[in-house]
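Shared between the two complexes below is subunit A, which has subunit B as its partner in the first and subunit C in the second.
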Partner chain A sequence: MTNRRPWYATVLMYTALAAFLLFLGFPLLWLLSASFKSTGELNSLAVNLIPAEWDFTNYTSALERQNLLPAAGNSLLVSIATMIITVLLSMPMAYALARLKGRLRAAGTVWILTSQVFPTILIIIPLFLVLRSINLNDTLFGLILVYVTFTLPFTLWMLQGYVAAIPAELEEAGEMDGASRITILRTIILPLLAPGLVATAMFTFVSAWNEFFLALVLLQSPELYTLPIALRSFLGAEGQTQLGPLAAGAILATIPSLIIFGILQKKLTGGMLAGAVKG
Partner chain B sequence: MTSTATKNDTKNRTSTTAPNKKHVGHRTRAQRREAIALVVPALLPIIIFSVIPLVSGVALGFTNATLKRNAEIEFIGFGNFVELLGDHRFWGSFGIGIVWAGAVALLTLVCAMGLALLLNSDLRLKGLTRVLALIPWAMPPVVIAIVWRMIYNPNSGPLNGALEAVGIPGVNWLGDFSTALPAVIVVGVWAGIPQTTVLLLAGMQSISAEQHEAAAVDGAGAVRRFWHITLPALRPVIIAVTALDFIWQFNSFGLIYVLTEGGPGGRTMIPPLFTYLEAFRNREIGYASAMGDVLVIAILLILSFYLINQFRQTKGARS
Partner chain C sequence: MKSIRGIGAIAFAGVAILALSSCAQGSASNGGGDGEDGAITLEFQSLSDQPATQAAVKSIVDDWNAENPDVQVEIVQAGWDGTFDKLITQFTGGTAPDIIHYEASSIVSFAADGYLADLTDLIDEELKSDISEGIWESVTHDDQIIAYPSTLQSYMVFANADLLEAAGFEIPSGDTMTWEQLQEIAKATTAGGTYGVGWGLASPTATMMSLSLGFDGGYFSGEGADASIEVGENELAVPELIHEMAYTDKTIEPTSLTQSGSDVLASFYGGKVAMTVQGSFQATNIANDAPEGFNWVALPPLEGSEGAVQAANPQTYSVNIDSEYVEESADFLNFLMSGDNLAEIAYADALIPSSGAARTAVEELAADNPAWTQVLASGEGLVGPPFLKVEKYTEWKDTVATPAFQQYLADQITSEQLATQLSDGWADIAG
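Let's turn to the complex of A and B:
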């Protein structure tokens, strides 16, 4: 039906698409090219995306001199721990939210929605006091606990959407055969939920990996810095002279999230929509 | 409801130890116990690290608490709020927050709608655009801020480089009083486009093609079809996405903190940043919590509008 579009409309549409491509893509290409440029070239106003001379030392310098490697280790530890704990905790509750009817479900849904919209800044002040009183501020363990709490609402939201998509008749069939609730959960629900669990786990990992604000407040010791905090401190300390290693570090920090998002893309949006429509 | 009833019947039949006198009471109790067992593991950390801090955060707003260790905390009633009423810097920050969140939410919606329409049509290059459009979504906010600091850099950024090439003097985008807020808003839109586009696109793909074809047969042009079919069908998605986007942006922190740290001269000092500095730099956590309380009230007002709208819609759909 769109074949009857006049030629000028097609031209207009391609112009718009090109504008979007430029707006969305140029900053990414610029970052990539900056990570291969020499300091001299980086400090000039020349707009060239292909470096005049390729400089690969930015990457080694970012990893070695700027301490990004230990920071990446901290980020990895925190993200993986957050992922595992969050998924383990949210599995049973997501099941309860999706299957049980009535007030509990309503209360859960309202809480999930509210927690998405409350300003983190109001929670972080007392949370800082709580963690300080049990000596968990400025520790990675404290940060993991906080991340688990902050990612739980969305994780629950996503997972309960996946559970709701599994027909309840399957469970009833299992019950007819005399299987206990635990057996049903393990042998019927879990395998069907696996793709949803993987998607949720990956999402949790990315949220923890990318997080900045909570880590900024809770971590004071430089040796505990996660990658976003390390990158930011590097920006403050070095100003514009170290743009090359900074760009290299920024790219390295993005790669894990990017890979996961590539795998996750369709599932994530599907999960979000399932939650939005059926919730 | 019937399905849960049969579930528990079979359950009671298998568990022979259950006394059958109070059948109904036992059934609901068993169901409740099961629900508790499922919910408690997730509920505990939520209560300790989310509900209690939230409640005490609200309460801290009524005290003179500071970040000093072992300092005595006194309830001072509405003292902080009275002081806040006359705090021009806070209300200035509040206004900036509204402008920032409103502009980002609306511009993101407009851009994402355009992009989603293009991606939903029969153009080439769609795959490339789709991939490019998703990357900002995966990027850590700190990295987004770093990228755009490079773009806006007055001495080596490509934006000023391009301007200079055509003979226009460069601008200190993030450092100039008049350009800082718009420059930051552009970054917010850039970062917000992917998610909104994906959600709108999913909404568009659920509109049946027959509707469009029927309208096309009746002689409706693309613009009229967009206006009379696509837009009404997308209404719930648009309202939900924009309201949530507004709230998220109003609460956002990392992007602007790394881009400008609220500067120049407080021109990009959105409320979360202002509150953060009050709490952790000035160490006045009582006063900062009072600011947080005001922000919560503002957000709850917005949320209630949104929820009322949602309820009205589901009611309308059911009747």
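Let's turn to the complex of A and C:
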């Protein structure tokens, strides 16, 4: 039995998709365009996506000033470490939250929700004092710990949904075959949880990569600055913006994220296709 | 088995990254300190953002370090964005640097909380007498000078000379220019799709508070928590003039009222507006960025009924009261504020230096940029505005004044309603 879609529905669908892509992609295209425009062209009233003259000085300027490359290295270090630690911690915790019954689960859920209530600005000073008392202020390790703490509740919440969606019957089948709990986790749950873990990893990486305020406050030494802090340096007093170098820096800053997305996206789709129960 | 190895590899990578990151310990904590050779190091948190200014500051610090081997200064480069929050955390956590670069309207609240050293007796006497009382007033809290005022901006009118001449106007060349003159030129140059004025007033409060001083519109009286507000005829003079130009004369480009000052420059360069009101620092940006052959001038400072008076909200250098080296920090700042050094910083940042000696030095540096003559002239009328002494001014500005001025400039409320909103809003905030 075939269910052919009417031609106008297909046209509408693709028009909507094209509009959505344009909506999402246009700011990035504009940024890319601005990064290749000269200061004179950026200050003109002309609205053109293709630069009149391709100017690469914004890129050299962005790379030479504000320590963009070391800052990118710091961001990469912090983001990857945050991603790995968060995923490693949230995997068993999410499993426990999803499968456990009773007060511990309820307490865990309440803790997760409560931790999301407080605005960052409210806890930044106590957080700074705590980090200082253990000599972790002005260190990338301290920043990683803070990022893990801030992203963990949400990733736990997200991941436990994935665990809950895995049928308990699969684990019971494993138990009946004599598999230990660890074996079940490793051979049954982990492969099925792959899409969730990948989504969690992507979320954590991007959160840490883009975060500005905590890094601004907790890092004091310029050599430890992360990329968002370095990029903000292109915004000056009285709202002066060095638009060209800022656009070039922002384009360079998206490259690692795109690479990570490119690598992880395949795993995300692959995991989704790995169905466990055949109907 | 393959997946176990994968997880192991990831975990190993994680441990390696952690080990690396824990090695990456910063150096700028707990202020400066003593070196092994007995030399002390002062941490100087600088917010200079323009490459030329950063180079000027570095050169000054290098000169100081070469001349003073026992008192070394280390620049800690930071940005303007988020500085207030960063400083709050630094002061509360006891990790603030020895020397702090900021601005008068924001640093005063740190003085009120007791975080800044009293510099009154440490400032070079020659420097003290070379800066006007009005500017010193802007950095004085409880009779203590809590910062060196370094550079300032004023609001200037920049004009497309060709459009003014085409409209039959000679470029005003007096010491000052009245608002009536501005209105006349704006009317004459508004024609054929060109507006007389482009005025970026997306965040209008600073402009209103500053230019209103030309009509003796101080808004606030009293200090600290006891300050009170009065929004009368003098305070409403500037908002009403701008409103009249926008909606009665129709000489202000309407979109520009919702833009930032920098956004309006494209219309100025494109000949869509004949004049634009901007911060004086734009003189250098216009000189650098305007299209070739663009014939522009800076007009004389705007004069209200009380003269060409504007608010002085200088950039500042303060010293952390908890620094072990308050006197040494002040010595360095006296050096930094010397005429030639301050002139280098001011010229690079296109701002008006606070001292007479530095203004003279800037005139020489900027001899090939005629706009600087008017920029420096506008610096003569800068005085410490009452709002700098008002606790909760920032809260009032952000939550009451800015939205109220925006509504008025969008012609959504009358000037009476504006006055009521500003006064009632202050009453709510001040309690």
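As a working rule, the second predicted complex is superposed on the first by the 211 of 279 C-alpha atoms of A that agree within 3 Å, B and C clash if a C-alpha of one lies under 4 Å from a C-alpha of the other, contacts with A are read in each partner's own complex, and residues count from 1 in each chain.
The rule we apply is simple: a contact is a pair of C-beta atoms (placed from the backbone, for glycine too) under 8 Å apart; a residue touches a chain by one contact, two chains touch by 3 or more.
Because the structure is predicted, anything quoted here is derived from the model rather than measured.
Note on subunit A: of its two partners subunit C and subunit B, the one contacting more of its residues is B. Shared-chain residue A:Y95: touches subunit B; no touch with subunit C. In the superposition on chain A, A:S233 makes contact with subunit C only, not with subunit B.
Once the two complexes are laid over each other on the shared chain, residue contacts for A:L224 go to subunit C alone; subunit B is not touched. By the document's definition of touching, neither partner reaches A:E53: not subunit B, not subunit C. In the superposition on chain A, A:D177 makes contact with neither subunit B nor subunit C. Legend: residue contacts after superposition of the two complexes on their common chain; A:N43 is shown touching both subunit B and subunit C. Of the two partner chains placed by superposition, only subunit B is touched by A:A247; subunit C is not.
In the superposition on chain A, contact of A:R5 is made with subunit B only, not with subunit C.
With both structures placed on the common chain, the touch criterion links A:I144 to subunit C but leaves subunit B unconnected. In the superposition on chain A, the residues of subunit A touched by subunit B in one structure and by subunit C in the other are 43-45, 88, 121, 124-125, 129, 212-213, 216-217, 232, 235, 240.
By the touch rule above, subunit B contacts subunit A in their complex via residues 1, 3-4, 6-7, 10-11, 14, 31, 34-35, 37-39, 41-43, 45-46, 48-50, 52-54, 56-58, 60, 111, 114-115, 118, 121-123, 125, 128-129, 132-143, 146-151, 153, 155-158, 160-162, 164-165, 170, 190, 193, 198-199, 202, 212-213, 216, 222, 240, 244, 247-248, 250-251, 253-254, 257-258, 271-272, 275-276, 279-280, 285, 288-289, 292-293, 295-296, 299, 303.
Interface residues of subunit A facing subunit C in the complex, by the touch rule stated above, are 39-40, 43-45, 65, 74, 77-78, 80-81, 84-85, 88, 121, 124-125, 128-129, 132, 137-141, 144, 186, 190-191, 212-213, 216-217, 219-224, 229, 232-241.
For subunit C in complex with subunit A, the residues that touch the partner chain are 3-4, 10-11, 13-14, 17-18, 20-22, 24-29, 47, 49-51, 76-82, 85-86, 88-90, 92-95, 103, 153, 203, 260-262, 265-267, 269-270, 272, 279, 281, 285, 288-291, 315. Interface residues of subunit A facing subunit B in the complex, by the touch rule stated above, are 1-2, 5, 9, 13-14, 16-17, 20-21, 23-28, 30-31, 34, 42-47, 88-90, 92-93, 95-96, 100-101, 104, 108, 111, 114-127, 129-130, 145-146, 148-150, 152, 156, 168, 171-172, 175-176, 178, 180-181, 206, 209-213, 216-217, 227-228, 231-232, 235, 240, 243, 246-247, 250, 253-254, 257-258, 260-261, 265, 269, 272-273, 276.
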